[in-house]
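One chain, chain A, appears in both complexes that follow, with chain B as partner in the first and chain C in the second.
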Partner chain A sequence: MNEALFSQLSTLGSSVVLLFGLILLWRRSLHAYTDAFQWQSAVLAAMFVMIGYFGHDPELYFVAVFFFVLKVLILPHYLERMEKRFGGERESQPYVNVATSLILAGLLVLLAYAVTRPLVLVSALPTRGGLPLAMGLVFVGLFVVITRKKALTQIVGFLVMENGIALLAVLGTFGIPLIVELGVFLDVLMGFLVMQVFVYHIHGTFESIDVDQLNELRH
Partner chain B sequence: MTFFLLLLPPVFAALLAFVIRPYRPFVGWVNALLSLVSLGAALAFAAQAIAGGAAPTWGLALGSLGLVDVLRADSLSALLLVCVTAVASLTLFLSPGLGRPVNRPHWGELAYGPEQLRRYHVFINLFIAAMLLAVSANNVGVMWIAVEATTVFSAFIIPLKLNRASIEASWKYILIGSVGIALAFAGTVLGYFDFVSLSGRAENALNWTVLLATAPALHPEVMRLAFVFLLVGYGTKAGIAPMHTWKPDAYGESPAPLTALMSSALFAVAMYAILRWKVVADATLGGDYTNNLLIALGLLSLVVAAFSVVLATNYKRMLAYSSIEHTGLMCLGFALGPLGTFAALLHLVNHTAAKSLMFFLVDNIEHKYRSPLIADTRGLLKALPWTGALFAFTLLMLIGLPPGGIFVSEFALFRAGFALNHPWLMGVALALLAVVFVSFINHLNRMLYGAPTEGVVAGETGGWRTALLFLCVIVLVTLGLTLPAPLLTLLNQSVEIIAK
Partner chain C sequence: MTGYFLEVAQALLALTLAPLLVGFVRWVKARLQNRRGAPPWQPYFELGKLFGKEVVMSNNASWLFRFAPYIVFASALAVTFLVPLVAAPLPFDGVGDLLVVVYLLLLGTFFLALAGLDPGTAFGGMGASREMTVAAIAEPTIALAIFGLALGAGSTNLGRIVTATLANPGVALSPGHLLAFAALFIVTLAETGRLPVDNPSTHLELTMIHEAMILEYSGRYLALIEWAAWLKLTIFFALLANLFVPWGLATALTPAALAVAVVTLILKFAVLGVVVAVVETRVAKLRLFRVPELLGLSFVLALLAVTSSFLLK
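Up next, the complex of A and B:
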């Protein structure tokens, strides 16, 4: 009974995480994106705790705490500061419009199911049902980075992609070794800080955070 | 112990640069001397590898943290460590901020202020430390962390001069690089997942020695997916087409020392990451799958590079496309069995030396002419006799003329390809190389001869730096004419690791 509950909870959690990711394609305001990312990370941290409990792995509790502090508190704080400065700009004309984006997202999730079939077949863990959803989130994050024009949206898309990979790791392996996990957090934090610095530079030099304007460097 | 001598000097150098405020020239000199310590440690590892015996490792037995044997320096690592530390030392000696007072223009108008110099020295040393960690890590997770760290640290230095072009270049670099690295992490996770599904969780499962030992039993379908992610991910850092689009921009806008490091050392580190995983994937899948992928991407890189060089108008971007061409060649080489792998490794070593030299020479040229455009650079032999001659000579070697080492490695590569019955593939590759060859000679001709562009004062201004570059060119020629026995042993041992 426990195992069935565990399995259902992990699939439910992965679905919720993916749905928050789809908000990036549906809504257009930068505020919605940062909110979606924050909620998604909170649900993901809760999933770490749940998997730690059912999977009898106390290390995951540490990881959940670090994850929560980094992705629900620290990163959204910086994102909100940026969004206050540049938030007036909305993702008004992405390269792919909203309706098409959502359809493509559905296709990407189908693709994720196809791609992760061997993984689900090979794994014996009760959490394997959520693996396609995690891969779907990675594809959706990648799609956001490619098709959105505002630098801030691209950053959130990248962070969502990282969330997808973290979900993939925890569903498939109950967590990668702790030292690597800590290093990954550090890298994500540093990467984010660098990107944040650049968004300020872009705004300062180009008077907008529209990456469409970054088109001087041709052949 | 030697690991400390390898990894700690650049960290100390960065700390020193951070602490000394405002920047003083002695910081630059101390950094350069510290890099020689790393170089010594790398040579010690190489000597140890050549002498044979088990590879030295280092780790902390801290319970379940997974740090046992986290660092390991076998022959392949030692080869790359020597390459990276050699280029790093050269870069630090030729960095801005050494020697002249910071308020006098250095090599022309592109002077850097004390704050910029401080930032440069902090991050370039952290960048070097991250590269050294990536190459000496036994744990593929730690290797990933170090490669991501290189992206972050180098992104701080690309826009040393803040202008529209450099901001655009760094934004593309950091975004494409981070996305690529994230995909490489997904691949690492999938590889670990494969292991866990087979043997359950283990603390040292991410050590590549452990992965290699279990590789024959890992699941092929999962490994196929993992390798695709890894090749795309680390290939983005290496600049393999179609993930190469950040390269011309980043190389065009960065300060020359950083470009020299990125084009030679960082590129070698990315190829190293792909190679380590290729060994594991080949043990699981047999060689064909990874070889086919590498051939496809390698050929695509050659095509992209060949046609881009024809259209090039900016000599720094032209050299970036040349890097992409050599990346393609190396991918082809690594897909051609032991013979090809030997050729590709030799190519890696020679390319590292030649490319870094090219960018330092180009820096001289850009400072003199104040423009990166080929059309604006005329009469090079009259304006900068020594630099112009060295530039021409190194460029000719870079496109594969004897007596350069690149000629030897390309020859070996094509010989391997023909030996393994790939005549059409080698024919196409040769044709593309010929296109690059002709375009380069064409561009070189326009730059070398004639009267210097108006407003350019003739005469060398590099001083001892140009002399140092001249010495390096001599070393490159020596490597080409003779393959020293220790290098040969190291290469052979590395080939054994990669392709039995």
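Up next, the complex of A and C:
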């Protein structure tokens, strides 16, 4: 009974996390992206706690706390500061329009199911049902980075991809050791701060955060 | 034999409940907007008024214009025989399953669009083209969303989907069911002409879809088409309520079970009506070019529902 409940909860949690990732393809305002990322990270931290409880792994509680502090408090705070500076620009003309991106996202999730099928068949863990959804989230995050023009959207897409990888790790192997997680968090934080510096420079040079401008030879 | 009486009684129940349901939704919307609003039984008086008026037709209208209201009404009425309203499984389940229901609904939409084009007015053509844009994405989503349930139940027969959910109550909270419910709810708003897709009480050309197609109709034709639209709302509410939350449906044809079924049906309709009224009051109408985005989202939700119930069995 516990196993079945654990399976269902992990699948439900993974679905909710993936749905928040789909919001990045549907909405156009940067504020919506920051909100979606915050909620997604909160649900993901809750999933860490749940897997730590059902999998009898108390290390995951610490990981959940660090995850929450980094991705629900620190990163969205910086994102909101950047959004106040550049948030007037909405993602109005992505390379792939919204309706097509949503349909492609559905196909990407199907692709994720096909790709993770051998993994799911071999695995005996109760959380294996959420593996395809985590893989789908990685694909969707990558899709957002590729097809969106605004630098801030690409940053949020990268962070969502990071969330997908973390979800894949915790579902597939019940989390990785605390030391490795801390290293990954530090990397994410450093990467984000570097990207932030880049966005400020792009805005300073081109008066917009449209990365298409980087292709122009003269302005 | 009692089965056939039950079918006819169910269709009559849907016919009589439809105006009350629409009146209730309008009344709740009025109250939410701080107005008194017409009483919930006002649509009955509207029907009575329209049936008593004479028909005024354009000289350019052909036989299609006179024929279409009957087809639209008949197709909506036919669906009420196939959808589980108070009991499941139904004797007509062998005749019509999920795909027949979707085809009948699309038949009504198709003839309504043709009737909008027939008199040759600008409003009719505009309404018909907008309606087809919406229907092109919404109809496959209905099929896909209920297909997600059908995969879990092993059959596209609506009665069997209901009995499968009743036999295995835990599946009602599975991701497949929740995603399919969300997808079907968005499609309900689109197919029945509710905000944010279409404003049911507007006559401004910028915002009309359903109203534009029926602008030329009057008298008994208008009464039939309006009644068919209200029947469509009842059908979608019945699908939402009885496929996803089937507790209360009569599985045996005893008077007690049927009475309980009618009471729970009215309760479920009231809840859904309040939810739709709150959603309509809360959101603004979407720009027409944004509607495919919303419907694309519902299509993806339905697709995810199908994959999660198919590939996670």
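Going forward, the second predicted complex is superposed on the first by the 215 of 219 C-alpha atoms of A that agree within 3 Å, B and C clash if a C-alpha of one lies under 4 Å from a C-alpha of the other, contacts with A are read in each partner's own complex, and residues count from 1 in each chain.
Just so we're on the same page, a residue touches a chain if its C-beta (ideal position, glycine included) is under 8 Å from a C-beta of that chain, and two chains touch if they have at least 3 such contacts.
The model shown is predicted, which means the values in this text are computed figures rather than measured ones.
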- Item | When chain B and chain C are modelled together on chain A, clash or fit | fit
- Touched partner set for A:Val109, first chain B, second chain C, both or neither: second
- Of the partners chain B and chain C, which touch A:Pro76 in the superposed model: first, second, both, neither? neither
- Message: A:Gly21 in the overlay: touching chain B, chain C, both, or neither? Say first, second, both or neither.
- Response: neither
- Query: Does chain C touch more residues of chain A than chain B does, or is it the other way round?
  - Reply: B
- Which partner does A:Met161 contact after superposing on A: first (chain B), second (chain C), both, neither? first
- Query: Who does A:Pro126 touch here: chain B (first), chain C (second), both, or neither?
  - Reply: neither
- Task: Examine A:Gly52 and indicate which partner it touches, taking first as chain B and second as chain C; both and neither are also allowed.
- Result: neither
- Query: Closest Cα approach between chain B and chain C after superposing, in Å?
  - Reply: 19
- Task: Once the two structures are superposed, pull the chain A residues common to the chain B and chain C interfaces.
- Result: none
- Query: In the complex of these two chains, what residues of chain C are touching chain A?
  - Reply: 170, 173-175, 178-179, 292-293, 295-297, 299-300, 303-304, 307-308, 311-312
- Residues of chain B touching chain A in their complex? 64-67, 70, 139, 141-142, 144-145, 148-149, 151-152, 155-156, 159, 162-165, 167-172, 174-175, 178-179, 182-183, 185-186, 189-190, 192-194, 196-197, 201, 203, 205-206, 219, 221-222, 225, 248-249, 252-253, 308, 311-313, 317
- Interface residues, chain A side, partner chain C - complex: 8, 11-12, 15, 18, 22, 26, 98-100, 102-103, 105-106, 109-110, 113, 129, 132-133
- Query: In their shared complex, at which residues does chain A touch chain B?
  - Reply: 59, 115, 118-119, 121-125, 138, 142, 145, 151, 154, 158, 161-162, 165, 168-169, 172-174, 176-180, 183-184, 186-187, 190-191, 194-195, 197-198, 201-202, 205-206, 211, 214-217, 219
